[in-house]
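Presented sequentially are two complexes of chain A, the first with chain B as partner and the second with chain C.
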Partner chain A sequence: MITHDLFLPLPLPLLSVGTMLLLTAIAWRRSTTRSLTLALVTLVLSLGGIGYHVGTPHPEGLSLFVQDRWANYTALLILLSSLSILLMSWRDLEQDKTHPTDEYPLLLVLGTLGAISMVFSANYLPFFLGVEILALSLMGLVASRYSRLTEASEASMKYLILSGISSAILLFGIGLAYASTGSLLFSPPPSGNANAIPAIATIMILVGVFFKLSAVPFHMWLPDVMDGAPPPVAAFMAVVSKIAIFSSLVRYFGTGDTPGYLHGILSAVIILTILGGNFLALRQTNLIRLMACSSIAHVGYLLIAFFSPGQLRSEAITLYLAAYAASTLGIFAIICAFALTENSLPNTITDWRGLFYTRPFLATTLSLMILSLAGIPPGIGFFAKFEVAATGVERQQTLLLAALVIGSIIGLYYYLSIVRVLMGTQNTPSLQVKKSQSPELTTLIVVLTLIVVVGGIFPARMLPQVLPSPPLPQNELISIQEPMQPSL
Partner chain B sequence: MNPLPALVLLPLLGGTVAWLADRSNTANQQPTRNISWRITLMVLTLETVLLLITTFRHHTLPGPWLDHFSIPWIPVMGIAFQLDMDGLSLSLLWLSLILSFPCVLLATRQITTDAGAFHFLFLATLTGIIGTFLATDLFLFFFLWELMLVPMFVLISAWGHEDRHRAAIRFFLFTQGSGLLMLLSILGLVITHYRETGLLTFNYFALANTPLSPFLSMLLMLGFFIAFAVKLPVVPVHVWLPAAHTQAPTAASVLLAGLMLKTGGYGMIRFNLMLFPEAAIRFAPVAMGLGIAGILYGAWLSCAQNDVKRLIAYSSISHMGFVLLGIFTGSNTGLQGAIIQMLAHGLSTGALFIIAGSIQDRLHTRDMAQIGGLWASLPRLSSAGLFFAVASLGMPGLGNFTGEFLVLLATWHVNSIVAALTATGLVLAAIYSLRMVNRIFMAPSRTSPSHAKDFSAGQMTILGALMILLVVLGVHPQPIMTLSMPSPLSAPPLSDGGGDTQ
Partner chain C sequence: MNTLALFSGAVTLLGAIMVITRQVAVHAVLYLVVTLLGLATVFALLGAPFAAALEVIIYAGAIMVLFVFVIMMLNLGQSDREREKEWLRPRIWLGPALLSILLCAELIYSVSSSPQQEGPLAPLSARDVGLSLFGPYVLMVELVSFLLLAGLITAFHIGRHRTEGR
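Coming up: the complex of A and B.
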């Protein structure tokens, strides 16, 4: 029975085998370089395995996993992001001779496995397992910053408790859904008129997801945890874990409209998330905390696209995820490029003053990334935000669009403040400037900058490749079946 | 070979080359500091040649549009890299180039820190402005509209004067924030068109035929109007302008006042009037009221300024009020007046900013209380200043007078009281202009600027060319009036309208 149903997208077994190998290798003899290399090889192999699978899918679609373009695309994004994060951490881990750091690559691969499992899951069980694997490995990763052990432990503890609560809510929702339908299929239980349990189940699952996505009002943990974690891990939380959970959210509700009883809740959460994230970011003086708050706001923008199912939705989501991932990873890579040791990490934004005069290349790339996040051409974020706005206009989400505009204007202010500090005159002692001796970081930054700029100028090159996954239903708006653009 | 895309992209490419050349130059520790400046000058010359070719080449297109270029850019979304040129675009392009030359020749040579980056940003802004005048794909228009803001922001906040950071941020927030409203309007229009016809396109000519309900067309027009009103600027949303113009380095002030404000006026003509003609007529009383408010308010505040650049900035608000008034009179006379006023204001105010910048370079102050009696020590600079100040107050025989007169004439036909009120603005203009001339050039000398160098003959030639153009606009405006009328939408350059986006 089990062997008959066995269907595994190839990245999953590859990542599992990689984890096992890493564990064995560490048990045999510790070596940071070898662990890092193993992790790198595992991630690259899994990247190659996207699109392939083991076994045959169940004829009625009852397998535990599903593999379609949406899953493949988000898995690609996740693996590429994990790869970038591994490269970001490489130098710091290698140079540190005093502490054994083998667990770091191990946990990174394990967390990626959790994220990938969420992306591919078509059943509550692998989804929940993925959520937990990701959360537990993140807890270890967050606490791995021994130079600021108290903050790191505090952050890790906070993450553990809140993640536990959200998992509990999620699990309760899953239980209720199972109770009402008797099926573990990963889709909202159909709600009848008399029975409120399916609706409650869906809402509880949604709340759990919002906790993980750090949507307002479930966002409080994110800035603290990201601030306490090492910068690459903060990037992992901001990018990999959010993409994974967002991908599951899209898969859960499918391609059609969300159930009617969710509309009010979703609108409220989206507006709160956009405004709350931006207002919080306005008050931050620490760059990583600011990135955390702005990532909350970006989740809000993404949710607009999620909540506006129409012809433009899939393109908007695909592009926005890529734009967000590339820009955020770029900013974190630059932050990492400056920290030669854990202690010299630039903490406050004013530490970056005058960077344009001391390190023009890094300052220019950092500004490009920030402008891309702010949605200003020529960054890829401009087109992404344009698409998101288009989905909102298509479904006439007036309130959400108003929130988008207000949020973007607030966002401009704090993003530009960073650029302004970078251009400030250098009369205060600023960041210690050393040539970073890490070719992998430089390469990473160059590649990400290229993605951001080229993707911004020629988004058409990116759109057809990653084209959406969930086939969109015939929209009621397109009543006239005119042939659309031939390439659509 | 169509020259339109080259016209748009050449400044950007040239700027990149200038930047790289400057960087490699400083790396070699060679003392030739002016390499980026030379490259910029070459780029502008090339651009002029291109524009000459564009102007005089044989136009094969039927109908009033002079030139057309289109290649698909993002076909999935129906977005094309589409440029079209009519007389209005052409005359504004000429204004852009004519103003860029004095900018580069007189103002940017003094930039010593990071000259390469400065020239790159200058040319990038120019690309945005030129592209805005040509783009007829709404997405491309918006892209370029936004693109010109970033380099300008950096120009102000890196090379500006004492309070530059706040001025730059305010400038950016206002222009970009209002731009988002325009984005929503564009999307609204595109999606309404998509629903009606099933064709997703951003083509200006295709979208012009979208049937809209009166309410929707008013809403969409307002989105466009607010974005353009911020750039123009119109009174309640003008607050970014005085600070930005005052704090910007001279070259950026000229770009801002001479060209960037014109993109607002251009947008109103091209998009508000042409895409939503009925809504524009209904909205006209409000717009004209705002125009008068701008004329009087700008002139009144201008009278109270001590800072030269700030005075000129407020006078710009006043002059742009005439443009707004002219555009919304609903008559051809008013429209022609507004266009002539835009061209003349670009020339005269651009020159005034160059002169104010030169004064600041020489005396290190912009406070009129500390400048005085320059006529004795700097006769050439002072006479040029007098000429452009007089032009700006609307002296008959110069371009500004033609524009203001035509606008007044058109306004008189609509409402005589409004015209009378508007004329008060002219009186105030005389007061602030003459006050400025009096205090800077005529009053007893307060400092001893004897060591300051006057304009050289070469510099005077450049300013002289601007003077001649103003005189031509003043005494013989007819050819330019005929040329610069926007082409009607009823004759799109290609018969298949939106179909050419594929």
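Coming up: the complex of A and C.
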């Protein structure tokens, strides 16, 4: 009998059923509003399904999927982000009467299915299939903008090729890992003086993952692709796909220390990512490209927490993922609120000049989000960065901390210069805005702002223990008394 | 056995390099067939005859026919006879044919010479593949169906843009 050893976290079948229903609805009669509503219902139901599962887990842990607090937490973040992205794109899709774009919500749900499958996977197979489902759906989403067809197609093509290369490297690494262990289950790479094949396998898997995470030196595609994509899709790439791949990275390495031969590579990649992302962002004049570069830098900060397994790591990663997702989604929601038609998208940062005088509410929220990303106290980003720095201090990663400090200083410059542009005066407002008639966008922006501000004031409330912390080494038990809690 | 598999691997690699360096699409397709046949030989030598058969039937057979069809339908203009003459000079098909003959000879040699050792490693039959696909990995088959669905919808979505954009 097949069914008795199946184990499936509930969001996966819910999303699959939602996809099938969407397909049926589209085949019956095309209607953008109905497709959007169906996608919304699917995402909300899957949100309710987190924490439940179908079937019983395999007694020896040999299932394809795993469900623990880490998986549930990242699945929650991914589903909430997808929900926000659906709300962001709602108005543009409904207004576009000439091109019925039913495929957009369908691909969004499919992409979420891929991301959720990556998060819950305990095995290379569902992980790789999830990566591919996400990449293929993203390709269609990137090319979904009619008014800028050439740019969108170019971005989509770039994404196709680079995602193909990275998948090939990832698959090669998985193949080598299978050849050396004989099992497709995620197993932490052997530490110590391993022989060549497992080490090469681990490095190739890491390179594939870094491609997908867009860590420097594998980052060049992200600004181009995000620029060519519609803003909600850019947010999807920056948030959902990165959270999913980061979740799998943490699951792959487990909670222990990373093997010794990786220390040098990881440190180099982290330093390059932080500095490279920030230096690239310095020279951008386009807000979406700037967000892409800042997201590269944030991946670097996140990798510091990943690379410092200690008592504080779980909290740091939890808080940082939430802070990054909320602030980035907030900025993209505000960008969407200004894109009244697809052609009038504010392209350069100088287009936003004087926003504090024309649209004070949006300008204030945008500034709050930017301050949170920069790591300035009212936002949740401050505590997130504080925690990341604390993990680095705990493991005495001096070099990485120096990169973090330098990167944050550079970051302050370009983040604050956006706020300065917002406050600047101009006689003729360059951004022609009328009162936005989209209650869902306003609600989304208010909710995200509340998360950023309240999370910044009471961060301890948002800190469930999602990752098991590694056991304390015996000789350190005396020196470390109580893990520092930034509770205000 | 190992050297034979490595040899087929080398032929596969050679074919793949030729695919991406050819100027005319049909010539690249010829070498692509060789690449796929080489891959199938590798599978067969490694004890997975079912995968090898699938590789030949699906990729070298069905998908290549589709490729050739598309290329023929795209290249309108020249008269068919001239084009066919130009495409199928002996110089063009000699290389792929030679490589295919090498692969064939290798396969015949390995079938005739290798003693059927009865060890712990038996060749994987179609039954084994089916049992594992519809046993422990049945959920993965479902996920693959969603992967194909995503590819299909994306291709349709982008293709529709293209035709409407003209």
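Criterion: the second predicted complex is superposed on the first by the 453 of 488 C-alpha atoms of A that agree within 3 Å, B and C clash if a C-alpha of one lies under 4 Å from a C-alpha of the other, contacts with A are read in each partner's own complex, and residues count from 1 in each chain.
Definition applied: a residue touches a chain if its C-beta (ideal position, glycine included) is under 8 Å from a C-beta of that chain, and two chains touch if they have at least 3 such contacts.
All values reported here derive from a predicted model rather than from experimental measurement.
Colleague: Output check: A:Ile133 vs chain B and chain C. Expected answer is one of first, second, both, neither. What do you get?
Modeller: Second partner only, chain C.
Colleague: Kindly classify A:Ser16 by the partners it touches after superposition: chain B alone (first), chain C alone (second), both, or neither?
Modeller: It touches chain C, and chain B stays clear.
Colleague: Is A:Leu8 touching the first partner chain B, the second partner chain C, both, or neither of them?
Modeller: The second partner, chain C, only.
Colleague: Is A:Ala143 touching the first partner chain B, the second partner chain C, both, or neither of them?
Modeller: Once the two structures are laid over each other on A, A:Ala143 reaches chain C alone.
Colleague: So in the superposed three-chain picture, is A:Leu110 touching just chain B, just chain C, both, or none of them (first/second/both/neither)?
Modeller: In the superposition, A:Leu110 contacts chain C only.
Colleague: Just checking: does A:Ile409 make contact with chain B only, chain C only, both, or neither of them? Give me first, second, both or neither.
Modeller: A:Ile409 sits against chain B, while chain C stays out of touch.
Colleague: Residue overlap on chain A between the chain B contact set and the chain C contact set?
Modeller: Dual-contact residues (chain A): none.
Colleague: Quick one: in the complex, what on chain A touches chain C?
Modeller: 2, 5-6, 8, 16, 19, 23, 64-65, 99, 103, 106-107, 110-111, 113-114, 117, 125-126, 129-130, 132-133, 136-137, 139-140, 143-144, 146, 149, 152-153, 156
Colleague: What part of chain A is in contact with chain B in the complex they form?
Modeller: Touching chain B: residues 311, 315, 356, 371, 376-378, 382-383, 386, 389-390, 393-394, 401, 404-405, 408-409, 412-413, 416-417, 419-420, 423-424, 458-460, 463-464, 477-478, 480-488 of chain A.
Colleague: With touch defined as at the start, can you tell me which chain C residues reach chain A in the complex?
Modeller: 134-140, 142-144, 146-147, 149-151, 153-154, 156-158, 161-162, 164-165
Colleague: Any idea which chain B residues touch chain A in the complex?
Modeller: Touch residues, chain B against chain A: 72-79, 139, 142-143, 146-147, 149-150, 153-154, 157-158, 165, 168-169, 172-173, 176-177, 180-181, 183-184, 187-188, 190-191, 195, 197-200, 501-502.
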